[in-house]
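Input: structures, listed below.
In the two complexes that follow, subunit A is the common piece, with subunit B as its partner first and subunit C second.
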Partner chain A sequence: MANPTTVARGGGSSPSPGHRRRKESGRARASGLPAWSIPYVLLVPGLLVIAGLLLYPMFQLAVMAFQKVGLAQIRGTRPAEWVGLENFEKILSNDIFWSALRNTVAFAFVAVSLTLIVGTAVGVLLHRLGRKMSLFVVIGCMFAWAVPPVAQGVIWRSLFDAEAGIVNWALDLLPNWLAAPPDGARSWVGTPWLTDTLPLYIALVFCVVWAGFPFIAVSVLAGLKGIPAELYEAARVDGSGPWRTFTKITLPMLKPVFAVLTVLSIIWDFKVFSQLYTLMNGHTNREGYNLSMYAVAEAFKPPQKLGMGAAISVVLTIILLVITVVYVRQIVKQEEM
Partner chain B sequence: MTPLARKRLGKILLNTAGVLVFLYAVFPVYWMVSTGFKENDQIFTTEFVPFPTHFTFDHFARVLTEGVANNSIWLYMRNSAIVALGTVLIGSAFALLSATAIARFRFKGRGMFLVVLLVVQMLPAEGLLIPLYMMVKRVGLGDNFIGLIVTQVALTLPFGVWMLRTFVAAVPKSLEEAAWIDGAGRMQTFWRVLFPLVAPGLVATSIFSFITAWNDLVFALYLMSQSEGYTMPVALQYFIGQKGVDWGAIMAGSTLMTIPVVVFFLLVQRRMVSGLVAGAVKG
Partner chain C sequence: MRIAKITATTVTTAALALGLAACGSGEAPSSSPSAAASASGPKFAGKTLSVWRLGDSNPAAAKYMEELNAEFKQQTGAEVKLEWIPWPQVADKFAAAATGSGPDVTEIGNDQVPMWQSQDALTPITDIAREGDRAQIPENLYGYETVDGEIYAVPWGAGARAVLYRKDWFEDLKIEVPKTWDELVAAAKKIQKEKGEGVDGFAFNGGSDANHLLAAFAWSEGGEFAVKEGDKWVGKLTEPGFTKGFETYTGLVTSGLSGKANLTLNTVDIRKRFANNKVAMYLTAGWDLPGIEEDSKGKLKSDKLAFFPLPAKTGGVAPSFFGGNDIALWGGTKEADLGKEYIKLATSKTWADRYASEGGLLPVYPDTLAKLEEDPAQGAFAQAFAKARAFPADPNWSEADATKMVLQNAARAVIEGKKDAGTALADANKELEEILNQ
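Let's look at the complex of A and B:
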């Protein structure tokens, strides 16, 4: 844990004895800058990027949501036209928006829950495994974690392929009472997964949970290692069973970790794009859009309607900011900044 | 059952579960790589072919020579590398300066800056794409790697600073003071003392930025409209778009794209966790 006095340096607020202050002013003479200005000078490039390329565009996004911005405006031949709330009215009266919102929320709920459950289970398992075995499993998990999102999409696209995919092959192995082929067919082979919305999202859940659980598992493992062994010792002495120990000690001790992991997972799964785009192969199936895909498709699919896309993004961003506030408060509470 | 037998059984069950988790994590990756080496009659089959019985390098050779969308995969790999390395070079320098400011100084507005840093990390890139696309087009950097690099620097900088500040804070201040007493100037102290000690953190942060930029699909997809400027994630989409997916080729391409990320990733995963979970995990 950072000790504030070792982090702090310089500045009038530092409770350091006089000799430090003398040194600071000596330093200032050497570089020709007053001591108080040094941190600000160091921050200039970072601030410029954050202000110019993140905060200002965010403001621009909010402005564009109330404008009509098409090809002529991109080329700069005509100024953007104010249309008031028209973009929002159009979106809210469009079925695609509501199906995209439903897809986004339902997917995030299922994917986050499953990722957390699988990840926590694996984290607990890693904690109980021997040293070598634990390392072996962690390295395996790293592979799933490291695969680029587009490659994840490609992999799961091939696994769910109608003809050559091994998901259909595996389903054929199961007895019929457990998994009967759809529409009275004799075999699962030939069943397409990626055209209709529900099967598409089932494939997406598999893909995202597979790629997302390692992060949860490793974080939970780190959290578990931080729980003092005496607590478990005391529980055992008091005759607490494994399940009771898990619910009364492990889970409460991991609560702060879970708070952060849940919020991060929600934020990531809310705006999943690359995997969905790859599984769908572009913005083909309008019913299958989630909010980020809908925003991008409206904005960039010809005829380009950047104002409409901006309005959808604003809705998505507001949802994410609300969730982010929870995250930031959690971090600020724990972190000694 | 004797307690000893029970303990042994428990251990066997745990290790079996461990192996199953390992297989679950690795199998899809294995499937990608092995399909890249399979002959077509072993790919386009309804049977399960766990292992390529006749290894072939045809698919890899094909993506490297014929490629996709009129260009060899080499070109797309090179484009991805240009964007990712450009992002790393600019981003790391900026991140180091900002991280030093936060970790080494107390100043007015510091807390505010940290909160802004956390919030902007969470902004959806797909939302930022729309205004950034307008800005990049307006200044004439559409279809230019510089335009793409600039957006990637913006997207990776907040987390980079967040991650790097812990490394800067971990360097004992007394070392710098010692250098100072010995007569080193401010710049000299920075380059000779702080920089070497922060270098591992800088490597970790750079790799994080590299991976983010290397993996980006959505910005490259809309900022680069000519196939000569496509990056790997965009190029891979064109394999699927063709009539009847050429699984051998796309898996070979995906494998080539994945290798650098896996290598880098194994180097820095520990630090990624500590950066993301920040203060929540202690010990």
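Let's look at the complex of A and C:
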């Protein structure tokens, strides 16, 4: 926000007054606004859209979290009752919340790590491959990424099906010392994957990592293209091996890319809903809930308790904000050092 | 040139269509003054009533609705806009309708009435609910429908459940129709042995409507879900009768009659497996038959299927859940009078009896029901209906039953070995009381 008037006045080699006046009047004619306001004015349309589509609903959500809201309150036939912290107290004293929180955090940790590792590996591979092969692999990956979440769930649900699923069939083909059927059963066929919490989340990790790594891979590829080839040449001349080159050159150079990708992945994987809902066939299995699933079940399944659902979403948002802020601060600090 | 031609054709067609439409709508008003003179004239000519039916439309049901709506148009002059809502979507559609625009008249599951009433989603119809033919409907069928002295729905058809089985498999393997629980278990095991391990002898239901199955076992042992003492619900899940029934229920999976992989399936999911030759027996009602024929691409028709009443472990026929469908006037309707006319017609003896017999339900009129006891196809249901019982009639029951799925989760904890039956039921009892008394 440099004030042109001050700059002009303070400058020793100031242009003639006439020149200055002409410049100012010219600017006033063009916009009719003081110069300092122009960036803000330009932001207004975007802010309005964000306010309408994001800030207002978020404000509503925060208000609802402290109210008892059912269908009658939405329709307006009964006033919403202000209940203070009651929604939060109910949630925090409920076992489902704690198992959902555990599932959410553990899943996000595993899924984010795996997505980043697999994505980076594929990104490096793409960088090494020839033009045609690279294009072929990118297109293949993009197909996985382009599949809508519910369809991802349906695909993996059929793959993990107990009787007709390809996963159990493949496990049966493996020799027994590698993958013995559980509990002394004769074969893997009939082993349920999608009812108990741990196998369910293993399936979910496969599903989410499969659909999530292509974005990481392509972003890493873009980052790699930006690293000057001289660095690698110098490393080779100095006798550095592939692993050493990767850890000493590629990783540090890609740090900003990874920072963004990690934050994005954390946010995405905390909020996974459609895939889980499809994989576990509705909301029957309460132990398998994550926080999004719990919020939806409370808010939208009869009797609708939208206040409770809003409170769970607020808790989820706060957790995400804390994690993101801590992570971003750490990155900023490291860069300052 | 060509564009001009197309435009001309389009305009002509549109004009013709408009003209015809004008004729169509012009006809009704022109006839209405003369009709208004006669008492039974189409008072509501030109109006449209929106009606929701639940489930998938099948040819028999579609034909019934067509004839009912034609009769309605003849009597009142009003058109009916009919919409079919598949069962799994009912709760979501009702929720959306309760906040925005909904139907005028809707079919509704009888045990759902208290819950939607508590959400202000239904209009009381006390004035028409017991008059005319409906005076013959037994008083006890209005249990769920009556809240604080007002009646919110009229019973349309009653539903009792019986065991649907593969008659062709039973004949192949020379199995007699089971009369006792032990015979049923033996039959299921034999079928599993012959038809392969992926087949469920008697399917376990652990989904949204699981309590129908669990209740049959628990009630037959003398158990109860909860009892209202004073103005508070007291859970009865830990009492010996309920515990025994619960053990029979979880035993379906632990003894291998039903696969471990299918713990969250509801009746609709089981029906699909049944249609794909993966289930030999399950507890359901006649309304599943059209869906099975469709899912099996016409291979499983009524000649290969039959029902028998679920035998109780303690002997005799197990009590069945007193289910059924009602017809109700929606809360946000602007056509209350017209809607009431529709409900009156649909629940008149002729149309209610046809609704039941053509839809696979039991009639709510007692003399028609009495005739069914000897009927080979409907006898199993009529016998079960004689022993029908209901779930706790409370608006919060739906939450325990289908949203929080308290007992389904207790059963899963036992089946997966995380809790013993005593602990699981004690926890469930506490939660059930909390939900019912909130």
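By our rule, the second predicted complex is superposed on the first by the 272 of 337 C-alpha atoms of A that agree within 3 Å, B and C clash if a C-alpha of one lies under 4 Å from a C-alpha of the other, contacts with A are read in each partner's own complex, and residues count from 1 in each chain.
Methods note: contacts are C-beta pairs under 8 Å (C-beta built on N, C-alpha and C of every residue); 3 or more make two chains touch, one makes a residue touch a chain.
Quick caveat, the model's predicted, so the values are computed rather than measured.
Touched residues of subunit A, counted separately for subunit B and subunit C, are more numerous for B. Residue contacts after overlaying the shared chain place A:K225 against subunit B, while subunit C stays out of touching range.
Touch criterion not met for A:M253: it reaches neither subunit B nor subunit C. Of the two partner chains, neither subunit B nor subunit C is touched by A:V110.
With both structures placed on the common chain, the touch criterion links A:P192 to subunit C but leaves subunit B unconnected.
In the superposed model, A:V83 lies in contact with neither subunit B nor subunit C. Contact with subunit C, but none with subunit B, is seen for A:T284 once the two complexes are overlaid on the shared chain.
After overlaying the two complexes on the shared chain, residue contacts for A:K301 are found with subunit C alone; subunit B is out of touch. With both structures placed on the common chain, the touch criterion links A:V150 to subunit B but leaves subunit C unconnected. Once the two complexes are overlaid on the shared chain, A:I74 sits against subunit B and subunit C alike. Shared contact residues of subunit A, touching subunit B in one structure and subunit C in the other: 74, 161, 163, 189, 281-282, 300. Those residues of subunit B that touch subunit A in the shared complex are 14-15, 17-18, 21-26, 28-29, 31-32, 35, 43-48, 93-95, 97-98, 100-107, 110-111, 113-120, 122-135, 137-138, 150-151, 153-154, 157-158, 161, 166, 169, 172-173, 177, 180, 185-187, 211, 214-215, 217-218, 222, 232-233, 236-237, 240-241, 245, 247, 250-251, 254, 257-258, 261-262, 265-266, 269, 273-274, 276-283. Interface of subunit A with subunit B (complex): residues 1-2, 6-11, 13-14, 23, 27, 30-31, 36, 38-40, 42-47, 49-50, 53-58, 60-61, 64, 69, 73-74, 76, 122, 125-126, 128-130, 133-134, 136-137, 139-152, 154-159, 161, 163-164, 166, 168-170, 189, 210, 214-215, 218-219, 222-223, 225-226, 256-257, 259-261, 264, 267, 270-271, 273-274, 277-278, 281-282, 292-293, 295-296, 299-300, 306, 309-310, 313-314, 316-317, 320-321, 323-324, 327-328, 330-332, 334-337.
Subunit A meets subunit C in the complex at residues 70-72, 74-75, 77-78, 161-163, 189-192, 194-196, 280-287, 297, 300-304.
The part of subunit C that touches subunit A in the complex is made up of residues 91-92, 94-95, 98-100, 115-116, 118-121, 197-198, 206-208, 259-265, 269, 278, 332, 395-396, 398-399, 402-405, 408-409, 412, 416.
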